[in-house]
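Please find one structure pasted underneath; my questions will follow.
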Amino acid sequence: MLRVGAVVDELGGELHGDADRVIAGILPLHLAGPTHLSFLSHPRYRRDLEHSQAGCVIVPPDMVNIARQRGDCIVAQQPYLYFARLTQLWKRMQRQGTEDDGPRIHPSAVIDPSATIDPSARIGPLCTVGERAVVGADTVLVARVSVGERCVLGSRCLVHPGVVLGADGFGFAQDGAEWVKIEHLGAVRIGNDVEIGANTCIDRGALLDTVIEDGVKLDNLIQIAHNVRIGPHTALAGCVGVAGSADIGARCTIGGGAVVLGHLRIADDVHISAATVVTHSLPKPGQYSGIFPIDDNAAWEKNAATLKQLSRLRDRVRKLESLSPPLSEH
Amino acid sequence: MLRVGAVVDELGGELHGDADRVIAGILPLHLAGPTHLSFLSHPRYRRDLEHSQAGCVIVPPDMVNIARQRGDCIVAQQPYLYFARLTQLWKRMQRQGTEDDGPRIHPSAVIDPSATIDPSARIGPLCTVGERAVVGADTVLVARVSVGERCVLGSRCLVHPGVVLGADGFGFAQDGAEWVKIEHLGAVRIGNDVEIGANTCIDRGALLDTVIEDGVKLDNLIQIAHNVRIGPHTALAGCVGVAGSADIGARCTIGGGAVVLGHLRIADDVHISAATVVTHSLPKPGQYSGIFPIDDNAAWEKNAATLKQLSRLRDRVRKLESLSPPLSEH
Amino acid sequence: MLRVGAVVDELGGELHGDADRVIAGILPLHLAGPTHLSFLSHPRYRRDLEHSQAGCVIVPPDMVNIARQRGDCIVAQQPYLYFARLTQLWKRMQRQGTEDDGPRIHPSAVIDPSATIDPSARIGPLCTVGERAVVGADTVLVARVSVGERCVLGSRCLVHPGVVLGADGFGFAQDGAEWVKIEHLGAVRIGNDVEIGANTCIDRGALLDTVIEDGVKLDNLIQIAHNVRIGPHTALAGCVGVAGSADIGARCTIGGGAVVLGHLRIADDVHISAATVVTHSLPKPGQYSGIFPIDDNAAWEKNAATLKQLSRLRDRVRKLESLSPPLSEH
């Protein structure tokens, strides 16, 4: 429970209404009641705002009149950002009542004696941390995380269960039909403020390190191969696969299930749609896509069959063009 | 080892043949010998039935004559369903001889004292169960499963190794180039009779819960993002990714590697083909697909190159149509 | 630190230069300095060779003159293969100084007493090995690996963290709207010299075993469903999904994120491009692809919209062809 006044004291914003109103939770506009705080994340939800029963709503400056006709509000330049900070405040508040968070290093974790764990870091249950690995200040390995030998995590990282950092990259030389393993002598180097989702894997480099720069956010079940670099503040959604030695710039976003092939370069500020396959370098910022459109199965089957003849269809069109009267006549 | 008579006593069906025949195993028609039980899963395997050396076969009523010419059989309305129940019977029988299944809660599991574990539930080795989590009756966490704080599993669920329930959803607000974390105050709520495959992840909701309803079956390496709802008896094959706030109906099936984008709604009884990307809501039942057809590499390259010019090709066809004699003449 | 002479003594090759040069590391041509060994992996990097500051470079016979103009070199028939063996030598050398690798079976691992672990195998921390499972000679489970009951691993396998071998396959019979579980009575059988990447899953078979043959290499986050067979020396890149009962031949390669549907057969020596969906059997060796080409978002949208009308576009071309003068006239 928080007073609205306490929220504004902590997070700023201009309160129109009762500072002593007590808030029991945060809910979307259409579900919130008189004891809830809510927020307008986008102007398209203006209707929901008008009808919301929320005790208080967070709105941008240009919505203040509409919001006040409805009841109490907090005016913030960026309501969604304000909401994010509110969730953080809420979590801290919830934590206050409970006992402390238990031991800094859970006794079930298996830590190599040569590893360096910052005294403020937290290593949850059933993690493994290898030889000479480094875990920075305030970094949290939630549970069941593996950090391989010599891998380095910066400060304030959050690593969810099942993550594997520093498994061997997938590298082999061929000797006839057989694969001869390339031992991976590099490691994984992760900057500050990186979040890594559940069951995501980041492989160690062959000779140099795989590098994840500051502020990168990785969702669940992502595969980052050896020698990849991901630039600062880039975010990858779930199930993305990045092949070896790909170099991804800063402030990119990559949608869920996308695949980035190896040995290519993606510029800063590139945005890749979900399920798109990046087959060549993208030297310019922009939004890129490559998704087969979904359709009912019968229509898809017909179109897919024609697609297999597409270059021939183009040849047929060319032939028709060569047969038809010159375009200049029209 | 089971007598055929014991099978029929337990599972029903009409036996034609020797009830005292002893069965040492279950095998497909073409591999079964005189000590094996087999089954006809589909009429297209009729040939295999005719030539099978199986000691006894499970067949539908309309195959009884063919089956009896061959030897012993059990007649069942749905042989594949009968087979499924037979595998369950077989497993129970195999278990009987062995000592008991060990402790209900393996001593290596790390369970928060505030969690509620039903006395009939089994928590396997090296699992973690967080604060105030709930595990229902007869639910089994096989091994190395993580259940986050406040997540709830119903009764008779089966959760395979490596599963992560209730990691934080992937939610951030932007503050310039930086991502500001949205703390996830919701949890994961899982109904009864849900099976969750190895290394699958289900994230907690931001404000409300992520919800998996009764009888849902999830294969391995699936990603279910925050605030998703999956309706009863829906089944997802391996490597599917479901983005945030997607709402999937009842009795759907989603093929392996498919991607469901966020904030969309899939009706009941929708079937999505493997590797298809669901980019918009699907309000009607049916089968939907979107797969780029595989081809030999040279043919694919030509067709893919033409595909990048496809809308221009359509414009060229339009132009040709405008140049050609009126269709009414033909 | 290794003397160049010691490298050649161990791995062969013809040294041109100073056998007493001491090497502090291995680096790519453009980053190597006088204390580094480097290698020419492909003739296209000849420029890098000419300008490399490496103390010594590994080159093929036809590059010896260029290499010697630059400085010391080792001539090897296959420099990349030589490099792979060099990384192995390097790792062994690095290991020599350190204390031994700890206990053969880490005390935190949970091993069923009926499992058979070869005395030379290593079971890392927080692994689980089920009833009657078998782990062969010199096989290593790095950490947090689960091996299900009755699963068998051959000799010299390397299994990375988070791997799940022998979870139940995804098999159910329908009983009205409900799914009835098919208990999986088979297991997983893995040959010799198999490497399995982090968080990869291989499900047990329903009646027979899922089989991974000798020398197979699996990258991270791969899903191998029940009853699959993968032939010797086949390699699968990250995030591949293989559906049930697929039978994949020897010496195949499957690119990252590809999906192989169930109950189909892939011949020996088939190569599948990344992110390709194999929807039917491929009885002939070759390279196969099916990737929607990436484009800037606006162009993709137009082409994708046209693609949904493609079979109609073909019909329109047919009509135009029927209207146009006979081709023989041209």
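By written order: A, B and C. Residues from 1 in each chain.
Here, a contact is a pair of C-beta atoms (placed from the backbone, for glycine too) under 8 Å apart; a residue touches a chain by one contact, two chains touch by 3 or more.
Per UniProt, the chains are A, B, C = UDP-3-O-acylglucosamine N-acyltransferase.
Note that the coordinates shown come from a computational prediction; the quantities given were computed from them, not determined experimentally.
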| item | value |
| --- | --- |
| Equivalent interface positions on chain B and chain C, same or different at half | different |
| Angle of rotation relating chain A to chain C [CA atoms, steps of 5 degrees] | 120 |
| Between chain C and chain B, distance of the C-alpha-averaged centres to the nearest whole Å | 26 |
| Numbers and ranges of chain C residues touching at least 2 other chains | 108, 126, 144, 162, 199, 221, 239, 257, 291-293, 295, 305, 307, 309-310, 313, 317, 320, 324 |
| Touch list for chain B against partner chain A, complex | 108, 110, 126, 128, 131, 144, 146, 162, 164, 167-168, 170-175, 177-185, 199, 201, 203, 206-208, 221, 223, 225, 239, 241, 243, 257, 259, 261, 272-273, 276-280, 286-293, 295, 299, 302-303, 305-307, 309-310, 313, 316-317, 319-320, 322-324 |
| Residues of chain A touching chain B in the complex | 25-28, 31, 78, 80-81, 83-85, 87-88, 90-91, 94, 98, 106, 108, 124-126, 142-144, 158, 160-162, 193, 195, 197-199, 215, 217, 219-221, 232-233, 235, 237-239, 250-251, 256-257, 274-275, 291-297, 300-301, 304-305, 307-311, 313-314, 317, 320-321, 324-325, 327, 330 |
